[in-house]
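Per-chain residue numbering starts at 1, and chain names A, B, C and D are given in the order in which the chains are listed.
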Amino acid sequence: MDDNGSESQSPRASKLLDLEEAISTLVPAISESLWVGGMHMHNVPMALVRECIRQGKRFETFYAGPSSSMAAELLIGTGSVDRVIVGYIGFEHIGLAPVFRRTVENGASKIEFVEADSGSMTIALQAGAWGQPFAALPDGIADTDLPAASPAFYKRLDNPFSGDAAFVVEAIRPSIALVHCQQADEYGNGIFKGSVFTDRLLALAARTMIMQVEGVVDNNQILKYPLQTGIPALNVSAVIPINFGCHPTSSHRYYNYDDVHLRLYIEAASTEAGFADYVKRFVSGPEDQEEYMRRVQNQDWSSIQEGQP
Amino acid sequence: MSDDYKPVLRAGSDPLVFFKYPGADDGSGISKGHIMAAAMSHNLRDGDVVVVGANSLLPMAAARLAQLTHAPNLSLVAGASGGVNSLLEPLVPSSADYSNLVAEAVLTFPEVLMIQMGGKADVFFAGGLQIDRRGNCNLARVGKSDRPVMRGPGSAGIPWASQCGRTILYATSHTTRLFVEQVDFVSLAGWPSAAGKSGRRGPDLVVTPLAVMDFTDDGNMQLQSVHSGVTVEDVVSNTGFELALPEGTVPTTPQPTDAEMRVIREFDLDGLLAIVI
Amino acid sequence: MDDNGSESQSPRASKLLDLEEAISTLVPAISESLWVGGMHMHNVPMALVRECIRQGKRFETFYAGPSSSMAAELLIGTGSVDRVIVGYIGFEHIGLAPVFRRTVENGASKIEFVEADSGSMTIALQAGAWGQPFAALPDGIADTDLPAASPAFYKRLDNPFSGDAAFVVEAIRPSIALVHCQQADEYGNGIFKGSVFTDRLLALAARTMIMQVEGVVDNNQILKYPLQTGIPALNVSAVIPINFGCHPTSSHRYYNYDDVHLRLYIEAASTEAGFADYVKRFVSGPEDQEEYMRRVQNQDWSSIQEGQP
Amino acid sequence: MSDDYKPVLRAGSDPLVFFKYPGADDGSGISKGHIMAAAMSHNLRDGDVVVVGANSLLPMAAARLAQLTHAPNLSLVAGASGGVNSLLEPLVPSSADYSNLVAEAVLTFPEVLMIQMGGKADVFFAGGLQIDRRGNCNLARVGKSDRPVMRGPGSAGIPWASQCGRTILYATSHTTRLFVEQVDFVSLAGWPSAAGKSGRRGPDLVVTPLAVMDFTDDGNMQLQSVHSGVTVEDVVSNTGFELALPEGTVPTTPQPTDAEMRVIREFDLDGLLAIVI
């Protein structure tokens, strides 16, 4: 504003940060809400999730959608979230989510779970990206038990065009979004080498977006193929290069989900002690991602298995 | 740790790691998985737009089988991955897998939902923790809401099945715990309780490891055929409500033909259909 | 349904059609609504538009959005539309739309013009694609004259979450959509070599979509780079290969808009006689696209210029 | 036909046809277009997300100039083309041009709208048929609705300017026909009529071939500076309402520096800024 056009020598700022610094500076101790990218056991920015837990960050609302797996398990099991909007939490063909199950089935958790669905949550995220205050839902939800189960999430009004009843959901603008791209440049132009999932939309809806990547590419690469840019830099706050950062979930084209680790996790986490051991070994224990991956590769689950009944 | 699961690095330039599943074979014998996939395939029509959700090994195989046999113009939207008309080479268990992207297009997940929720899909596949006589389906919880006996994953995308032309339910087990008189939570709405098949639509077909079922004009689940080696009594005794029976002899679900088995082997490289049930 | 799995010999059907056949078989004499792809003077499927006019097709509602230019001019000037929802009709820096201007300024037209905006129209198209009955608008529209000017397009209701007033628009599901892709395979998997504009969304909202392309690629090309597929085949009814089919607008990476032709058009169409001459010469006159392009290249505008005052 | 317009085939593998504009030169002299672009550029801040709409030669040039001088972290969303941080090599008149895709990303148009309407943009540029004292802007019509004197193109995306942080209005002429006491149709809302600058925001700046204007604390348009060679009287007499004047001498809009002109020449290869006014 006050600069009268003198040529500046300052170059464009890199957004490359290390994991610890990014989470400690960009994520407040208590955040309003969190949405984690990827779906099922794919492209989930697990290194970012683990670091949030390691640093004791808390999130008032966690959107477990459209399809959450390991991120939801760790956030719920460590008590890092106060309220969970449930679209889907599970491990597809591998199994149900043991911590989520136990927490709800015990009936004594302080965490509030809101019964929702993946379609409505994604429509609400779309509304958030577009600045819409709320979003109307297609027909059909009225025939399910969802509106009665979650009257604060699904609200009914009259369609002013047809006079028919319609359900609406409030727009979602996550205060923190964690996302994984296979590659990005230092400014935050992210590339998906496989599925885009909900993450491109998330980048337009979130208030603060933190991105982990497997590899950093030169900005010239981005300029050469702009149609392959999955997430534009303009809303990205930090880019964090981490190898195998999605483990135990997949990073499309880089590595598949770790089926063995996930099955052993589900077994171990079937008891509270087993889950606590898992957290100590794989979340709070390792001082960094290298140490985490060493522990993963050693596959020494004996102490955790002792935790079983 | 178990030695059953072995990472397998596939050939090629991409650093993809697949897993060899325990018990997987070359799929030469006909298993329940093959019968189910073929039964679903026979219910898909040429030109259908088919959308599958999570955990969709069987529906994906069925849709691909249909494409390669009687329905070359069928379109498959492979759930969360966004892959459209994936070659499924190889068939994999996760709908969100990178393997599903040897495909004609990659949609974002919002776009997959637009197809499903916006009325562009002819067929939607869904499963649940509980399915009842009217075809209601439950992915949320078994038991009371404050302290359920079993917490399910959540309703995911199945509430929107009614926006699609037809719904096919499938299950990898057939028990009285799954097939109940009335679901504890309606994630996907069945046929309306009184009106029968007038008014809003419920699911059209249910495929399990024991049988294929459809719905009567009144909207009650009815046995259509039993799989080879399964008796009507097996099905009835494993169903927690009074299953309607067709008049006369209950037919046997057609076995996959040799031609179908050949086609399946082309994409089910790990023989997953032989072990899925 | 009745097929018991016998292997069929019938191959997958090609959707390649010639221009005349596609329009005559897929577009009814009177259609409920029309949305034409591209934006401004770019990627507009003009060959499809001209063929609709040649065949005397009529459209009850034409969505002139997000930004229409030559397509709107020809459809309005030939009386092919009954009602126009106006987001933007013009030629950017080249000039205002002469036929649209004259039609409205004369005040005697049978065509109804609805004052709208590009943002609301695109949000409404998004709602159509999602199966939403209507879409809430972001704040701000209440401060403009639009809701008062078009009370049937913008309706007010109370946001059931906040209690605040909100404006909503009804979902748009065009019964006919015309779109241009630079390339497609014979099944309708379309590739954009440049901007996507609103056309990928349009493909998910429209009931019948007709696609013109500059070139046809093999399906193997599509399978090789699925991330570059801009429009999936599943909702495409026909693929029509036409060289220079967007002329006088651009086809990104293939050719730019024909600045000369457009400027001469704007000059000519400033009178009714000039526009009629233009239509005779360039729309109804040429029996096919080859003849159209011959006339374009000859650039003989003398008779049209005679039509000027 | 005119010989002024000549198709120019550019070098390179892409079959792109550009046009050489009449009157275009190498832009060595400082013209009104340069002064306006520089004035807009000086009002952009490092880190701003800037969205432009149709017909945005001047705002695109201003944003690129800012990026290459004092605002390296500015992001430019080049309107309908969807190009983000386009290099503008060359600068072209159409915001939807393929040339804008030598860029870092290509957004769909719905995504461009999400940035503008969803509150992610810091600066929005807009123009109109009429602009009034309060900054209201009209793209719809001059005159009555049933039979306007002039039908404009329509309100396009400008009603959503208020969702962006700041709005800069620009015009390629400065006449009493454009600057009117009250617009005939509000496409973009100015400062509220009574409340002044409290409550909802109106535009922040207006840049024309004669002058730069901002708004008083009461929300009335006020002269900020006149361009070189223009008098205050020129501006006042070409403005159709009583323009507020600052206290003391009205400054002259800074001329682009030599460094700025060098930068502009790097991307305005056709010298369009020299002929745009």
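Quick note on the criterion: a residue touches a chain if its C-beta (ideal position, glycine included) is under 8 Å from a C-beta of that chain, and two chains touch if they have at least 3 such contacts.
Owing to the predicted nature of the structure, the values given are computational and were not obtained by experimental measurement.
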Averaged-CA centre spacing for the pair subunit D and subunit C, given as whole angstrom: 27
Approximate Å spacing (C-alpha centroids) for the pair subunit B, subunit D: 56
Length of the line joining the C-alpha centres of subunit A and subunit D, rounded to whole Å: 39
Where subunit A touches two or more other chains, by residue: 123, 126, 130-131, 138-139, 200, 227
Per-residue overlap in subunit D, given as positions that touch at least 2 other chains: 83, 101, 106, 113, 117-119, 163
Overall pattern in which the protein chains touch one another (line/ring/star/complete/other): other
Which pairs of chains touch, using the document's own definition: A-B, A-C, A-D, B-C, C-D
Touching residues (chain side subunit A, partner subunit B) in the complex: 39-42, 64, 66-67, 86-90, 92-93, 96-97, 100-101, 104-107, 115-120, 122-123, 125-126, 138-141, 143-146, 149, 194-198, 200-201, 250, 252-257, 259-260, 263-264, 299, 301
Subunit C-facing residues of subunit D, complex: 1-2, 5, 7, 14-19, 54-55, 57, 80-83, 93-98, 101, 106, 108-110, 113, 116-119, 139-141, 145-163, 185-189, 200
Touching residues (chain side subunit A, partner subunit C) in the complex: 123, 126-127, 130-139, 155-162, 164, 166, 168, 170, 192, 227-228
Residues of subunit A defined as touching subunit D within the complex: 1, 3-8, 10-13, 128-131, 185, 187, 189, 200, 204-205, 219, 222-223, 226-227, 229, 231-235
Subunit B residues within the subunit C interface of the complex: 38, 41-43, 45, 49, 65, 68-73, 75, 77, 83-85, 87, 101-107, 111, 113-115, 117-120, 163, 254, 256-257, 259-260, 263
